[in-house]
């Protein structure tokens, strides 16, 4: 089975090579855990490796998304111009100037079919290999009973196109699980990002909860957010009392 | 009482010989615990022993199910052709190409009677001895008040046919119990699969909570998911602090 | 006050002689705790002592009930023929062949009055001294507000007939209490069966929470389920850390 | 302020003399904690001291109430005949033979005014000094929003008559508080009876939570239920680890 | 900023002089914590210092309120006659004899405007400097969504009149917070009274959670209820294990 | 990226220079934690540095707001006259004298568009660089499903104007998270203020949970409320057991 390298330092080691191709991975985390940075870094590294990618923006204005990425040194505009990166605007609903500048706009988020049609078009146009939906939570935040079927519909489309995908899932601080009943059972992989306070200090960590088609580290690894993005310590483990160095590698 | 060997390494020891024939066993677990692999391994081992089997797919496209099984070396297609394995497609609703390729299709999941009719036909056609429904949760996820009666209806049909069955039940991370009020009281056996984090490390384990018609291990056993499927350590126990070797056998 | 011997090894010691006559006892427990075996053993021992008994089956097909009892060596058919044991079928609703074979059938569980009429007839026919309703939970699972009044109606009827009764109550794993608000206050006695995991091992225990008309052990006693039914260790206590032998008797 | 002696061994010491006259005391406890025995003992001791009393039966048939009291040696029938004890039947609704034998019957519990009228009549007839309502919970079990106003109405009536009253309140196992939002703030005193399991053993204890018009013990005292009723250990305290003898008295 | 002395022994030390004038203070506590005594003592001490005061009775009959105060030696009748104390009857709704004896009666509690009009009239008549509303909980107990706006309306009126006020808030045993969502954010100060069981003993304590316009003790202080009212130990602290003497003052 | 100095002693060190320009920061805290003081101090320090600011008052009368600020020595009236500070009255709804004195009044809080129009006008009039909304909670307290979209609308407006903003969010005591589902994911930064009782003593602390565009301290820092406002101890950390001095700086 072919694996897609995330290119995030330390993460491919933890995934024993990368994310198996075509997998849909749920990336769950609370506020401030780095979900958006993680998913943008995944796309950027894909572009460096020649793999076209799509970022579906549901939380942030497309202009802001590009600026945020630039701050990490990830300037996507040249890639947009070359037609190997696309940004789907599911934030502005086409109100304001975005309809002049954005190529892919979802007008009405209450209609999942329109959302899927626009996404499908973008994938087809650029021949996308990587897709990020940030976040899927917005699609069902006010109708939790639809969460599972929305995820299943999206997964069916993406699986058919051959893309490897990340679905960002927003959870609340202190919430167990991965966001939305049934969602967690409908995906191929789950990575959870955490930001926990241990006796007055905040610690970042991630854990791979499941990943169809590969073995993976069964440990909770600390990570940092640097000016270059996320750096995962595959050689360390976050225990209840703090970070500990692994003896003899992961 | 005759027992059906699961063939899953270590599990038949824990069950003191296997699952008593005709039992309906609830297989409960959170995301990533290995429920689907467990139930497919149960069916595959049945085929090796000459016992026809049926897998009812509610979570995954039939094509994907066959591919997933193949990755563990369980190629069911020859058995489908010989008419001793059947896949019931309760996922696509007959949309797309599946209606050309799949023999058993449930069109409408809101109608339990249609579901039961299709299942009954498949059982009768191949003379099934083992049945897996993956998952029963999907049948009542949006109508929990129907969970118990749905389980009882299914059990009545399967008990009548002489099959030994596994009902996969999806639970959330951190959820106690086995999924759905009343469901746990309506089955003959309960096996729970767990994936727990203990101080920064993930551990897999299973526990047999009840099994009508046989004594069984009263311990929580660790297990691994390997490239050959599940391997249960019947000679080990998972304690609060980690895995421990049993003194003098189970 | 006359006491009815349960005949379950160890239990009558714990009850300081048995269940006071005419008491209605709530037998609460989670899945797999042995509620059904306990209540059938109570009836069987009554038959051995010449006391006619009735088992009201709400969870299981009457045919299955008889088979399950036979596995423990409790063959009730001769007693049914002699008219000193009766099985009330509140499971099949008279659908299928049961209406040919079963004498006492409740057609419609939504109507408690019909239920009570059938039960009253059976009690009168065989001169019952012991009655088991397995389970009362089914009577109000979808209408919890009716739980208390249903229990009170049943109790009024049974108290009038002079029977000593066991009401099986299903609770969920991890649920405190005895099942249903108000139910626990409407009965004469409460026995709770538990199945708890302590550091990777499952332990069975029971505790008598209340019993009108007698003193009783105030301890949690471990018990086993054997091929002869339940065996209670009246000389042992289950503590937080495991089983301990009592010094100098109960 | 005049105090009413409960006559329950140990309790008057804890209450520094007894219950202040005219107080309405909420007696809260889970199933099997001894609430009914406590309140009947309070009435019986009043009769011995020449104080007429009323027991309002909402949970049990009047015939059964008299039998239960007799088992503790409290035969109320002679006192009923002398017109210094009355039993208000709020259980049978006058169905069956009770309307021939019972003098005070509440026909319709959904109408609090009828309930109060009957109670007021009984109080006036016998010149009651003590009143027990067992239980107030039944009055509002299916309409919790009415709990507070029901209690306030009852309290207004009883305060006007000069009676000292006990309102039995049923709570669930593990429930904190005293039963029903707002009820606990509408009474003059609160006594809570508990039955707790500590490492495999059941312990009975009571604690006086508040009592207008008197100081009282601020400790949790163990008590026993004997064949003569309740016996409170005013010289002992129940701690988290078990019973301890007080040094130098309460 | 001028401060109003509560006159409650120990409390003004904790408040670093008293309650800043015009503050609205939420006095939260469970049943039996002494909220009513606290607030009546605050008014009585005001009368002794020549500051007219108003007690709004929502929980108790006005006659009973006067009697309860008298038991602590606080006879308000002479002050009522001199027109410097007023009791607003928001309890009887004018039913019974109260409409002959009470000057300020709120007929209909469902209408907050009437409540405010009567209160405003009483404040104006006696030139009140201190106001107690016992309890505000009653105003919104059956309509929690109105809690915040009710508090804000009351506060607006009282702030305009120059009164310093105490709003009694009833909370349940074990409830965190101060009673009603949003209420706690709409007041100038919060004092919480607690009654906690620590290993079999009850302890009374108070803590000032916030107080606009003054610094204050940041500790939990034990207090007693004596025959003269509340006595706060400003030189002691209640820790998890019991009371401890402060080294070198508060 | 340009940073806006808060001027709150110790806070800019913790933020590694200040709040990145244009960020919307959620300031979450329970009652009495100092949210309002914090946000007013932020505005006052802006005025001292020549940056026009706006305070949107939803919790307090505008007159009271000015008085409260004056108590800390922050007299905003001269700045209002110079047209570089504005107070938006979203409290009185224009009732009473406020419509004569206040320039910016929101009449109807149920209409978010009017709210935004008034705010936009004020920002434009004074050329605001800093905006405080105290509190956003009031905007959706009775319609939690609107919380997220309200925040997103406000953020869109403020981001367009170039302001750096603080949204005050009220949470309950003991509540985890930051107030309102989805709100925490819709902002650029989160600072949480806490007031916690540790063994009988209250401690104030703050923690920066996220801040887009800058690194920041990952520790919980204690702070004081003094007569000059908030003072954060950037060189100390609040641990479970109390305050500890950092070795070698933050």
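Think of it as A, B, C, D, E and F in the order they're written, each chain with its own count starting at 1.
As a working rule, contacts are C-beta pairs under 8 Å (C-beta built on N, C-alpha and C of every residue); 3 or more make two chains touch, one makes a residue touch a chain.
Computed from a prediction, not measured in an experiment: that's the story for all the values here.
Chains that touch both chain B and chain F: A.
Between chain B and chain D, the least number of touch steps comes to 2. Where chain A touches chain F, under half of the residue numbers in use are shared by the two copies, so each contributes mostly different positions.
A straight line joining the Cα centres of chain E and chain F is 31 Å long. Note on chain placement: the centre of chain B and the centre of chain E lie 62 Å apart, centres being C-alpha means.
Residue positions of chain A touching 2 or more other chains: there are none. Taken chain by chain, the contacts form a single closed ring in which each chain touches exactly two others.
Around the closed ring of chain contacts, the path that opens at chain A and continues to chain B reads A, B, C, D, E, F.
Residues 30-32, 59, 61, 64, 68, 71, 135, 137, 141-142, 170, 172-174, 195, 197, 199-203, 225 of chain F are the ones that touch chain E when the two sit in their complex.
The touching residues of chain C, when paired with chain D in their complex, are 1, 145, 148, 156, 159, 176-178, 181-182, 184-186, 190, 207, 209-210, 212-213, 215, 218-220, 237-240, 244.
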